[in-house]
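Following are the structures in question.
Below are two complexes that have chain A in common, paired first with chain B and then with chain C.
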Partner chain A sequence: MATLDLHRISKSFGTAKVLHDIDLAIKDKEFVVFVGPSGCGKSTLLRIIAGLEEASSGKVVIDGADVSDAHPVDRGISMVFQSYALYPHLTVFENIAFPLRVQKLAEPDLKQRVMRAAEILQLTDKLKLKPGQLSGGQRQRVAIGRSIVRNPKVFLFDEPLSNLDAALRGDMRVELSQLHRELDATMVYVTHDQVEAMTMADRIVVLNGGRVEQFGTPMELYHHPATKFVAGFIGQPNMNLIPATVLGTDGGLTVEIDGGHRMTLPVDSSAASAGDKVEVGIRPEDVDLGDGGLSISVRVLERLGGVSITYGTIGNGETRFCASLPGDAAVREGEPLHLSVAPSDCHVFDASGRVLRRTAAPALVA
Partner chain B sequence: MIRQCCRWLAVALWGLFLTETAQAASPIRPTETVRRKVLPEAWFAWLLLTPAMVFIAVIIAWPLVETIRLSFTDADLGGESYVGVANYVDLMESRRFRQTVTTTFYWMFLSVGLKLILGLIGACLLNAAVPGRAVFRMLVMPPWVIPIAIGVIGWLWMYNGYFGLLSGMGQRIGLFDGPYAFLAGRTSAFYSAVVTDVWVGTPMITLFFLAAMQGVNRDLYEAAWVDGAGRWYRFRRITIPQIMPVIVSMALLSAIWTFNSFDIIFILTQGGPRGATTTLIIDTYKVAIGNFKFGEGAARAVVIVVLLATFSALYLFLLNKVNKTYGVK
Partner chain C sequence: MMDRYTKLQMVGIYIGIFLFLSFMLLPFVEMFVTSLRPLEHLRTTPYQFWSDKFSFDAYRQMWETVPLLGRYILNSIFIASMVTACTMLLVVPAAYAYARLDFPFKDTSLGLILAINMFSGAVLLIPLYRVLKALGLLNTYWAMIVPGIAFLIPTGIWLLRSYLEKIPRELEEAAYVDGASRMYTLRRVVLPLALPGLLVVGTATFIGAYAQQFLFAITFNQNRELQPLPAGLQEFVGRQQVEWNQMMAAALTGVLPVMLIFFFLQKYLVAGLTAGAVKE
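Now for the complex of A and B:
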C-alpha cells in the first residue's frame, strides 16, 4: 500500500477558485475522510487525486512518485462512485472483472481474483445476477469489488453510501471499516455526513470553501476544534455558540454570556483582552440539569428514549440553545429550564472564528 | 365532402365532450358516484373508446378487410369476380415478382445498414466535446426537416446527366468521359435511390442515437477510464450496449419505413429503369393504381401487410429481449 501527499493543490473553474493550496500528508494504510458541506470542494479534490480532474496547480504524490500527470491506472488508484457506476448490461462477475478484462488478464487468474473479491464481499451467490436484480447495499459491494480486484495502492470513495437508506448506511459503515482492516489499505473517503466521518476515519479532513479547516483524528476534532466551523460541523446535535464579552483574562478567560451569566473558562487567554467579543461553544451533551447559571426557555422537546433533545433560547431570546438530557428528564415545552456546564467543557472562539486553546481539555482517545 | 367533414367533426366533438366530462368530474371527490348516476363504469369506458374504435374501424379495419376480399377477385375497372387464390398463385410463379421482392429486401437492408452506420458515426461526432457542437447539430437537421419531395427533386437535378452537379463534377475530375445520367442505368439508378434515401433518413437516426448517448451515465465512462479502458473499448463495452435498445428500435422502425418508402423512388425513377428500383410498394401502386388491376394489386398489398406484420412481431420480440439483456426496465 502507499502514502498519499498533496502539495499546494489548487483548482479553478473559470474564474471560480474551488480549492486553495491544499496540503495534506496521508499515511500508509490510513483511512482518511474528507468531510464538509456541499460545494466545499471535497469531491473535486478526490477527483484530482483520481486523475479525473486536472489540478490548476500543485502536485499529487503517491508513494513518493509525482503522479500529477499520470493516467488513473498508472497512479495505482481505484475509485468507487456515488452512483456505483455499475454496467447494467453485465453480470456481477463481469462488472467485478471489468478492470481485469481491460488489462487482458489471463482467464484463470481473472477468475481467481474475482472470486476472491466476491468472497470478501459475500457476493459469491450473486455473481450471475445483473445489477438491476440487486439491492442498494449489494450494488455498493459490487462497486467495491470492482475496485478491490485491481489491488490498487489507494482506494478512493466518493460518497458511496449517500444513495442508501439510513439503516443500510449504518450496516455498510461497519462493513467498510471491516474491509479497511481486512485489506489494510490506504483509503480516502468523501462524505458530507459527519457521522460517517467520525465512525470510520482514522483522520478527518474538514473542508470549507475550498480550504482545509482542520486535519486530525475524530476525537481531536471533537475535543479541540480549531475553528468555529469545525466545532459546528463535528458533533451531533451541533455545538451551541453563545455570544459573550470578555471581562478579564486573569486565571483563564472570564466572560459574560448572553443572559448575563459570568464564567471563568480554562482557555489560553493570552491573545484576548477585556471587552473583546467572543463566542462560547457548549456541546449539547456537556450540559446537565441543575442551577448552574444557564437558563433557557424550552420551545421544542424531542424524546428519543435514551436522551431528550431540548431546543430553546438563551438570554434575550435570540440565541438558540440545544441540550441533550437524560431520556426521562423532567422537562416540559414552554417552561424555563436551568442547566449547568463545567467550565472545562466550554470552547471559546475569537471574533475571527479561531479557537482559544483549551488548557483543561480531556485526554485524547485515538 | 361537406357532409363527410360534418360527420368527422361530430365524431371529434363527441370524443371531446366525453373527455371533458370525465376530466371535469375527476377533481371532485365522488367521481365514481357522479359517473354511476349517469352510466355504469364499463359502459362509460366503452363510450370513451367509441370514437377511437370507430376511427380505427373506418380508417384501418375496413380497408384491410376490403383489400383481403379484393385480393381473391380479379377486380378492375370493368367489375370483379371471385378467383380464389389465383392472384397469389400468379405472384408465387412470377419471376418478376420474385425479383421485386429481392430488390425490395436488398434496398431495405442496404439503406438501413448505411443509415445505422452513418447515424452512429454522426452521433459520436456530434456527441464529442468540440467547440461549435450546437452548430453541427443544427446542420444535421435540414435533410429531415425540409419536405421530402423538395429534397428529392434537388437530388433529381443533381443526378441529371446534362446539368447535374454530380455529372459535371465527375467530368471535371475525369471520372466520366461525357454526361453521365445516374438515373438512366439500372445499377446507378438503384444506388442513387439508396443514397437519396440514406440522405433523408440518416439525420433522424443520428439524433436518436445522439439522445441515447447523452442519456448514458457519465460515471460509467469515468469508472471505465479509471480502470484503464481506452476510447474504443469504452465505445464497444459501454456505449454500444447502453444504446442497444435504441439501435434495435431504430433498425427495425427504419426497416419498416424503408420497406414502405414510396415517395423517394417514385420521384426519382418511378421504379425504373426496367424495374431496377421497383420495390413491392412501387409495384403494388403500378399494378393497382397505374393499371387499374385492383385484385392483383390487393394481393400484393396483402403480401406487404404480412411481411410488415412479421417485421413488427420481430421488432417487439427483439426489443423485449434486448431490454432484458441490457438491463432496461
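Now for the complex of A and C:
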C-alpha cells in the first residue's frame, strides 16, 4: 500500500516561482508519468517528493502520513537519477548493496537481497565489474537495482532513459513496465518524451510553467486534452491548430475556419457566442483524402512507408497544416491537396486555450 | 591519434622538452658533480668536468663533519610529515564545506583565507615569533610545524575544493536518498573518488612544508637537536673553509627520500592533475 498525495506544493528559488500550488493524488501501485517541456519544474517536483528539495509551501503525504519534513528513507522512497549516479569505485555488487550497507544489514541477508535484485535485472554475471565496464543499459539496470533492494514504497525516476540510444530506450521501456508489474509498487516517472509517457503511464501529469495542465490516462489526454498546450504536447505529429470564428451556437458550434470552410462541430457551445475567435484542433491522423473542404498546399512530403506525412499550409497560407496519410497516397510536393475531417474528430479551444468539451468523442476511459 | 604531429613538430617538441629539463635538472647535476670533487678542485681553473680524483668520500666524511646530520634529515622528514598530516586533516573538511555546503559568509571567508597567501612567511615572522613565544612553543618541533600548517592551509583548501567540486553532486544525493549520513558519504563515496586529488594536495603540501622549514627553523628554533636539514646544512660552513662537497652530498641525501616518494606517486599525480579533463 502506498498512496502519494501532494497538497498545494509551491516552490520558489529566490524570486523565481517554479511550482504553483500543485495538487495531485496518486493511487497505490499506480505508474504516473510527469511530462512537460524543459524547465517546467518536473525534476523540482520529483525532488520535493524525494525529500532532496524542500517545498516553499504545501505538504507531501505518503500513505496518509505527512512526510514533508521526513528523511527520504523514512518517506519510503527511492530514486533513480538521470545520470545513474553509480559509484565508480565500487563494484556492481557494492553499488546495489550500498543502501543495505548504510542500514548495517547482516551479511547473509544483504547478499540474498542483492542477488535477488540482480536476478530481476539480469545482472548476476556482472556483479564483480565496475560501472565503467558496463554498457549504458546495464548501468541503468544497476541504478534501478540499487533502488529496489530497499523495498521502498514509492519509486521515483528522473528521466532514467534519456542517456540511452533509441533502440535501447525501447527495450528498457518494456523492462520498466514489466518491473512495475513484478514489484507492484507505486512509481513516479519524469520524462519529456511523450512516447515514454503514453506507453508506460497509468496516468500522465502534464506540467507547464510549474502548473498542472492536466492529469489523466493517456487516452483521456489524447481524446480530451483540457488545453491547447496538452493537445499540442500529446500526439505525434502535433495537432494542427487553425484559427476560426464562431458563427452560431445552435446544435453544436458552427465555425468558419481560416480559408473559408464552414463546419458545425459537436462540442459544448454554451459558453461561446457568435463572433468569438477560437481555434479548431485537428490531429494529422484524423484527416482523410477527399474533398471535405480542407485545401492544403503541400510543401514537404515524407514517405515513411506505412504512412506519408505531408507538411503544408491551409487557408491564406499562414497557418501550417500537417496530415498523416496512407503510405502510397497520390500526393505531390507543390500541388494542392484536398482533405476531409469528421466533425466529431475536431477539438475546439477558446481564446484562453481551454477546450470546449467534445460531446460526440470517445467516452472517457475509466 | 598517434601521428597528430609531423616529424618536424616532434623534433621541435623534444628540443623544447630537452631545454626545459636541462634548465630544471642542471643544478642537480652540478650538485652531484660537486659532491664528488675533492675540495681543492673547487677553486682551480680551468673548470674540470671530470677527473680521476673524483670520489664518494664526501658522502662518508659528511657524517663526521656534522655528527647530527642523520638527525637533521629525520627532523626534516618528521616536520614535513607532521605539517602535511595536520594540514590534510584540516583541509579535507574545510574544502568539502566550501565545495558543497551553504553557510553565511562562505565567499568572504574563503577570500580571507586565500588572502593569507598574499603575505609571505617573512612578513609575518615577528608577529609569529611573539605568538609562539606567548604559547611557549619556541624551540620545540611545534614552532616549525604550526606556522607551516597555517601557511599551507589556503592553497590546500583551494586545490582540493576545485577537485571536490568536480565530483558529481548526484552521487552524494543518491547516497543521501539511500540514508547515508554526510560523514558516511564523505568516507565511502567522496574521499575514495577524490584520492588522486588528495595525493596531489598532499604532495604539494609536503613539498611546501619541506621548502619553508628553513625560515621557521632559523627564527623560531635554537635547539640544535630539533633543527631540520636546511638549517643543519649551515654547519658545513666551518671557520676556515666551507665544505662544499660535503654540503652538496648532504643536501642530495636529504632530498633523496622526497624524490623516491615522487617517483612512486608519479602515476597518481599525473592522473590527479589531469582529472576531469577527459570524460569518464
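The working rule: the second predicted complex is superposed on the first by the 361 of 366 C-alpha atoms of A that agree within 3 Å, B and C clash if a C-alpha of one lies under 4 Å from a C-alpha of the other, contacts with A are read in each partner's own complex, and residues count from 1 in each chain.
Criterion: a residue touches a chain if its C-beta (ideal position, glycine included) is under 8 Å from a C-beta of that chain, and two chains touch if they have at least 3 such contacts.
Owing to the predicted nature of the structure, the values given are computational and were not obtained by experimental measurement.
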{"item": "Superposition on chain A - do chain B and chain C clash or fit", "value": "clash"}
{"item": "Which of chain B and chain C A:89 touches, first, second, both or neither", "value": "both"}
{"item": "Chain B versus chain C as contact partner of A:216, first or second or both or neither", "value": "neither"}
{"item": "Partner chain(s) touched by A:36 [first = chain B, second = chain C, both, neither]", "value": "neither"}
{"item": "Contacts of A:130 with chain B and chain C, given as first, second, both or neither", "value": "first"}
{"item": "Chain B versus chain C as contact partner of A:160, first or second or both or neither", "value": "neither"}
{"item": "Chain B/chain C common contact set on chain A", "value": "50-52, 71-73, 77-79, 81-83, 85, 87-89, 98-99, 102-103, 132, 146, 150"}
{"item": "Parts of chain A lying in touch with chain B, wherever the complex brings them together", "value": "50-52, 71-73, 77-79, 81-85, 87-90, 98-99, 102-103, 130-132, 146, 150"}
{"item": "Contact footprint of chain A on chain B as seen in their complex", "value": "217, 219-220, 222-229, 233, 237-238, 241-242, 244, 325-329"}
{"item": "Residues of chain A defined as touching chain C within the complex", "value": "50-52, 71-73, 77-79, 81-83, 85, 87-89, 98-99, 101-103, 132, 146, 150"}
{"item": "Contacting residues of chain C [partner chain A, same complex]", "value": "168, 170-171, 173-180, 184, 188-189, 192-193, 280"}
